[in-house]
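Next come two complexes, and both contain chain A; in the first it sits with chain B, in the second with chain C.
Up next, the complex of A and B:
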């Protein structure tokens, strides 16, 4: 008690000069000495992808120098294959985070959707095309459930999706019995996205192409459609958006449903990637998708960010993972580095938010 | 107001349904309450290994006349939920508890249950010396690794080995270490410290990656290893889902036929993959035997206080491990996939 009283007194004393310059910190930062940094910050504010691109280019150069096997086209294709599922989940995650929400259930929805695909096609003998569509619709339904909980029950997205994470994962385990469908039993259509073509002696998969296309499509939608503008508006300031006539709940609902659709398609991508239908492969991608979004420079507080940043974020994680592994670092240090990147990215975001005001 | 009213109605309805559901369950389980209560605590329900173990326990309990109740932890290493389950079974007056320990952290809870007069057997994961459990029924994971190691040695013959391992995690957890070190020992590689993975210095070892023991981790791990060194010709995997993922990477690199993948577990999808030639050989473990033998030990203990004997040289009762392959090697005992598909779990 005595101690905190002293602290309080010290705080008072420290704040005595405050009346003179109540925004002291800002003024110090605004001093001529820091102008180059300020210049960079201004640039980053208008072009949010500068940060992630700089990190990526830096990592590519360093790892190419350190390990001879790193800087090959084959390895870049591999890295993209390794992160494509997280990147696709990241599209869904970005849409939701742009509305100042968050979705902790993306991977659980993906697993549930692909297990349903497997159940329908393999155990019940439905045509694979139909099973695929129904599986994707499971994703849409899960997204709609998340959206309803957020908009109708007025439960914050963090809590809503924390709950549905458990629910969807439990359903996934219930339906699959925790068991994988082995490669031999999986229909060819399901693994098609894992197949590909050769360019310059390097294998590229249809899954990679689909991932890139999805990013381009959603980059266009977010930039050039009314729906995209509304997403930013809702995330930036919900009340202001409501007052300016945007039907906020309708926008939120549509975002969760579209996210569910993307996740349903990602389930297909996952099967192509791993060759079997597994109820556990990728269970950790809930947080990995958020990591990609954050490293990509999208603000967790909503309203600011670029969908292409998420692709960069996912690729950055893949580049560090591959590069550190090829350089002989233990897997432990990959985790460690990702942690630093996350904190660095959020620190930059906080700084930019302050300036942006 | 309207929205709020509606949400209250929805929440009330959901709550009522939940209560109805729960009371339905309680009604079902109290039906045979005259029989001695045995609590089975598994690690997680997202692994068919434990599902099969539970199925086996239910069948055996019915024939031995026990009232079996099952609780599950929240994950492979979630000790806390298992402690709660032990406390709950103690409060319910269980005579015996069978548990697949998620970690050493449950030992104090086990001791408390024993003080309350409950006999406690561990399954699947030995808790080690000093844990004070009344018996343990588990797979000899070191032996499981040794079998695939010996098989791989014979199968490779005079071809110089280029070995990679796809392990579970960086945490050096017991099952991960036992299988990895068993494999290397079976192959004839000096282990350095046999309680640690990755401290070996043999030039035949090319590298290792951790995989979370699932398909996605297996594929990415294998891709990284092949990027490091495409001359790898033998891969040990912590379990069969990991092996299935690794195989996808091998196919993508166009190296099928050049790389031999071995594994451990004995799940049905895994044995199917052995039959397909995706996995060359796997060591099968027997979860049904674990719960069966543990329940028989409960019966014996409740009758006259006898406790199970540990297998020779081990601090647990070995419930058996069998090498499954369609390419038998001289000097290494194995069964084929017909046997495997008959005995596999999950």
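Up next, the complex of A and C:
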């Protein structure tokens, strides 16, 4: 059997053009010409944040023109305060949605965690530091339970977390007796994230800083670590990930646990935000977190999206709420607009997904 | 990652020194059932040190099921598997990879939304040196891109200019190239290719054939599943003929012609008629 000479390959290798730019997009298949729309689609595929940024910039410009009170630093800080809890839950939600899952129980876990914090510190008199850590661990445990149901019982995440949504919410009402802990009884540590500092005459809270930091940390993790790559791979093509030697159940389990940790921390943020410990505050945040993720350009089908998109998605929701109400529109039009944004975002995602398949 | 040229030159000689009758992987009476479908019906399998073994058979003969057992993708219901002469169970693709068994699956097993380099290094990413890698777990994307580019260049995929682009923007042939490059880059004991040229044009198929020869020239045995008879007769040392879930013949390529191989494969002739011993 004849073996080919290697020198022919050497020649070929020499003729291979060096990549023009390490990250730029190139034309495929012998440089086929792209129509402008195709070009935009390709861009959006490689830069998923383009869509949400465009929407945000557009909204900021329009609302700044319409209402003079909108474009102030003070208003921006206010918007960020209003959306920070949803944005943080959105980090957990993004991780799970990237694996092609979904978590309907995020807000229920958050409420359970904060009620446990309150119960331990206020009713049982534990040191607030300890109560805080134990409350966060409740979030971790809830995440682990979701993860076990998904990976061990093979129940689709939608159903698994629909079930645990009821369970965790019921436990939350049971433990709290349906009653709030008033501000006066809440330890200072618990509300610390609601306090803040002045910059340029505007108040910013530690909660806002924490939220931004968390986004930066998880953007780094998703982008620059193997775990992050594996999260995308699992959501993109589960079988391919498995065949590539990724322990897919281990990745899924870790994602649900880390999501639980983030939600536990968000419970702390929530107490700071509203000042008291209420078993019903933010119960609507389950769906709101999904809204932020979707408007941020992350695909509900998994494997595609950016964590920073979720921050943008949450801010977009806040900007529309604030802008529309400052312009004198009724609250119902905020809901209406958000509905359009969700459908628009998913329509774009559907279109982009078709390109490569 | 790069081809060992000395081995390649040695492989160019008529008698390859690394060839031997030692079996790298051996399967004995492997059975795989899917419900009431028997994909593998007590099939035997063997590949020798240093050879290119072609596996041929009709659609549904159980070729993919067989190599999935060898690569840990599925577990046989019955039978024994020996790797390097030792009884082994491959519970997952991870275990097969760890043993140096690298596979291009028929389904390709690529992740469309990830870029080329990430796909090639999926599941064995390179981390930065120093604390960036050890504490902050930072990936060495630059190095992975460089090495991925090298692996792709070796396949002659000139149209692919950028290993940072996502696989979904590639043509079917280029995607296949990614999967083949990955196996070629990491295979250390056996490289298994399940229809690696199915989506490729003539030129690209030729490249894959050359790559198979290159891999083999490094002393690594290759299992090639293909329906392309001329290709098989060009590269393979022996042919394993699979029919209805069994190995009905295992012959030296030089001892059989294409027509007979196809006749055996589709059942038009029996091994007895050709004077071959029924393998097993």
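Here is the rule we go by: the second predicted complex is superposed on the first by the 323 of 357 C-alpha atoms of A that agree within 3 Å, B and C clash if a C-alpha of one lies under 4 Å from a C-alpha of the other, contacts with A are read in each partner's own complex, and residues count from 1 in each chain.
Keep this in mind: contacts are C-beta pairs under 8 Å (C-beta built on N, C-alpha and C of every residue); 3 or more make two chains touch, one makes a residue touch a chain.
All figures in this text were calculated on a predicted structure; none of them were measured in a lab.
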Which of chain B and chain C A:173 touches, first, second, both or neither: first
A:114 touches, of chain B and chain C: first, second, both or neither? neither
Contacts of A:99 with chain B and chain C, given as first, second, both or neither: neither
Which superposed partner A:164 touches (first chain B, second chain C, both, neither): neither
Contact residues common to both interfaces of chain A (with chain B and with chain C): none
Sites on chain A touched by chain B in the complex: 69, 74-75, 78, 81-82, 85, 152-154, 169, 173, 177-185, 194, 203, 270, 273-276, 278-284, 321-322, 325-326, 330-332
Contact set on chain B toward chain A in their complex: 3-4, 6-7, 10-11, 45-48, 50-51, 170, 198, 209-210, 212, 214-220, 223-224, 227-228, 241, 244-245, 247-248, 251-252, 267-270, 272-273, 276, 278, 346
Sites on chain A touched by chain C in the complex: 1, 3-6, 9, 12-13, 15-17, 19-20, 22-26, 28-30, 42, 45-46, 224-227, 229-230, 232-233, 236-237, 239-247, 303-304, 355-357
Chain A-facing residues of chain C, complex: 3, 5, 8-9, 11-12, 52, 73, 92-94, 97, 103, 105, 107-114, 118, 122-125, 127, 136-139, 141-142, 145, 149, 153-154, 156, 158-159, 161-171, 174, 210, 213-214, 216-217, 235, 237, 253
